[in-house]
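Read through the structures below before going on.
Each of the next two complexes has subunit A plus one more chain, namely subunit B in the first and subunit C in the second.
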Partner chain A sequence: MTDDKDVLRDVWFGRIPTCFTLYQDEITEREAEPYYLLLPRISYLTLVTDKVKKHFQKVMRQEEVSEIWFEYEGTPLKWHYPIGLLFDLHASNTALPWSITVHFKNFPEKDLLHCHSKDVIEAHFMACIKEADALKHKSQVINEMQKKDHKQLWMGLQNDKFEQFWAINRKLMEYPPEDNGFRYIPFRIYQATTERPFIQKLFRPIASGGQLHTLGDLLKDVCPSAVTPEGDLRFFMHCTRCNVFPQNLSLRQRTSEESQKGRRN
Partner chain B sequence: MAEAEEQQQPQPAAPQSGGRSDGGEEAAEGGAAAGAAEPGPTAAGSPGTEEPAGDAKKKIDVLLKAVGDTPIMKTKKWAVERTRTIQGLVDFIKKFLKLMASEQLFIYVNQSFAPSPDQEVGTLYECFGSDGKLVLHYCKTQAWG
Partner chain C sequence: MLEGTSGDHPVQPQPRQGHLEQMTQGRVQIPSSMAGEEDFFLEEKRFKQHCEEFVKHSQQIGDGWEWRTNKDLGDGYLSKTHFQVRNRHIAQDLREKTSDNIEETLLAHVEESLDDSQVAGVCTTEEVIRYEYHVLYSSSYQVPVLYFRACFLDGRPLTLEEIWGSVHACYQDRLQEGPWDTITQQEHPILGQPFFVLHPCRTNEFISTVLTGPWKHNRHKNYIILWLSTVGPVVGLSVPLSYAKVAPEQNSSTDSAERALN
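Up next, the complex of A and B:
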């Protein structure tokens, strides 16, 4: 995995040009200009929008401001999903920049988790890392790390430091052939067309015959409606941490910490 | 797994299949705190609702273990709908233990990670269940970070 440095860098530095507009019913003391920002695909909305918040709070009275939340065409955006996933799921068919509406009132309790501080984001991120390692290495690698290594992963993400992040992450992506590599591939498949939050199941990287499983094998197994009888993909696969890729590449080459997602074309 | 209706439930559980609890540990419907405050999709399972067909219909067994000096649940084993979220389970445990809504409760899988509140127990069972059940540790303070 770590010899694919170009791919890793492309994934890390992926950006989505976004236009933030204040919700029309928010009460302001003067006109609120839209705010433009390049959002990192691999990060989280509440981690990278401090400037957005400051920008709109400047034109609002203190008492009118409570927890910020974001919405796209009426759908509240889950901050705990990676930004790239949110875009691919909700807005990839529309023209750029991505138009997000900013709210400071009427937090939708049924749809969104609260995010009162950066600590909440860090806790969520680390829980995802831990869950993935539970699947890959029975948590052995993450548990053997020191607290400062965990912190370095988080700081790498927070401060957009590729080298800092991957210095630690490469250990989590280690695939020792003598142990048959990852025990299970950590993946999640998101579809815009279903009510289900995502598909996540146990899936081994190696078939019983010893050959490497491919993405196509995975899809046929857990999401058969996504594959035609001829074996072609019915829809585009976007990888949160990768680019779109052909399904006959082995899963080991195209898997990263979080997940893959798909949507109906 | 046979299910029995738990007496102290504030509302009757969804239609039951069995009637008798197994030997020592009682198994009962774990869906008291119906889903009004739950983020994400939820089946809620109010009385009389038809259950969805297929795998989603089956309940999974959850074994709740207390950590540290957190109060121990009198009933530890529950049959829970697959689509029940972690938040739903937290609300239920808090009610059962008579904790205040404002008190924090952390839930851990494999004694290693805390799943997101909107994660469904069915998915966790698929990936981390063993011996036909999902073991979850709960704690009033952070146990495994």
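Up next, the complex of A and C:
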């Protein structure tokens, strides 16, 4: 799997050109110009928008500024979802650049988690990694790592350092040769149309007969409405954050992208 | 898995304070080999069965728990809402964590707070807080997880700091140290809204303390009751002692569990 370094690099370095505009009702001392930024698909909004915040705060009074939050066409954007996932869920059918509105007031308490510091993002990120490893390795690999290894995963993400990240993550993507794969595949299926945020279930990479499960098997099992009786995908799905993959490829190959950083999509 | 039969052992409700002391003093370290032999993971089917028993007893004593099913996937969760009155000193900053302040922010009876305010000459308001507790199942960790949120009557939600401040004084130290006590804000996996969560990744560790050695007789008891009576009080949720009387249904089939929950 880690031979697929090109694919891993493509996923890591995926970017979405974005235009940030200040919400019109925010009170400014002079006009706020929009701010353009290439967002990393694999990162989190609140981790990569310090410059956006600084840019708009320059034209605002201190007392008008509280916790920043982002919105697309009226929908508050969940900062704890990877950026690429947010784009695919809400804006994949629209022309680039992606237009995001920036708010500094009226934080939507019922919709968004608070994000008062980078520590909150780190805690969330590590919780995802740990949960994925609970599924893959009964938490054995992540628990055997030292604190500095955990820190290296986070620093790799925060500083956009592919090699630094994967030096540790490759251990989370391995399994003993006598096993044929992970214990369970970490995955989440997000749909923009449901109240339920995602589907997540236990799913083994190997069928009882010993053959490898495919993405099609997974979808038929946990999201049957997505698949026609003939086995074709019913609608356009982003199975990773950037591509649709043919569903007859084995799930093990897919997890090299889907479990990037040990997370689910 | 459930073993033994009910009725063999007299039910011994453990006084919660003593139980917690036994757990924290000595800090029982389960050797990893032993932990490996006995996995106290809760399968989803058993989770549903124990929730069903739990709800049944709750209905008998009017404790307010109900089961909610998600129509898309058929899974569900336990839910309970209740209101608590808290007295609050107007000029006080809740973020100060001196022991005096923690005493003051404990949930108190209205009568007591009125007396205190008259004696101390400080202006207090009683505030009603709406607490909502959900028990969900984590398939990743194979344990139950406690989600909760709290808001004032005007809809303003409590902040994480206010939640921390309202944790009972005797749990504050554990809260600072113990990873299994960590409370953070997370997205509710079924409703998609922000809730506070007690982290589940250490649940199996402390549950195994409750189910081995001198407490082996607990294994035939209701997992939800054992677990919730331990974690609930940390976040202001009490589990009346009468739950200790709940005897597991020996022949509960999945069918009856599903009927009862629908």
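Criterion: the second predicted complex is superposed on the first by the 249 of 265 C-alpha atoms of A that agree within 3 Å, B and C clash if a C-alpha of one lies under 4 Å from a C-alpha of the other, contacts with A are read in each partner's own complex, and residues count from 1 in each chain.
The rule is simple: a residue touches a chain if its C-beta (ideal position, glycine included) is under 8 Å from a C-beta of that chain, and two chains touch if they have at least 3 such contacts.
This is a predicted model, so every value here is computed, not measured.
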Clash-or-fit label for the pair subunit B, subunit C on subunit A: clash
Taking the superposition on A as described, I'd like to know which of subunit B and subunit C A:L113 touches: first, second, both or neither. both
Under the stated touch criterion, which partner chain does A:A91 make contact with: subunit B (first), subunit C (second), both, or neither? neither
On the A-aligned overlay, A:V11 touches which partner chain: subunit B = first, subunit C = second, or both, or neither? neither
Quick check on the superposed pair: does A:V48 touch subunit B, subunit C, both, or neither? Answer first, second, both or neither. neither
Looking at the overlay, what does A:M126 touch: subunit B (first), subunit C (second), both, or neither? first
A:L218 contacts which: subunit B (first), subunit C (second), both, neither? neither
Identify which of the listed stretches of subunit C (45-53, 117-125 or 207-215) has C-alpha atoms clashing with subunit B after the superposition. 45-53
Based on the A-chain superposition described above, do subunit B and subunit C contact any of the same residues on subunit A, and if so which? 78, 80, 109-113, 123-124, 127, 130-131, 134-135, 139, 195-198, 200-202
Once bound in the complex, which stretches of subunit A touch subunit C? 78, 80, 109-114, 123-124, 127, 130-131, 134-135, 139, 186, 194-202
Inside the complex, what are the residues of subunit B that reach subunit A? 36-41, 109-110, 112-118, 120, 123, 126-128, 145
Which residues of subunit C touch subunit A in the complex? 70, 72-73, 139-141, 156-157, 159-160, 184-187, 189-194, 199, 201
Report the residues of subunit A in contact with subunit B in the complex, numbered from low to high. 78, 80, 109-113, 123-124, 126-127, 130-131, 134-135, 139, 142-143, 150, 184, 195-198, 200-202
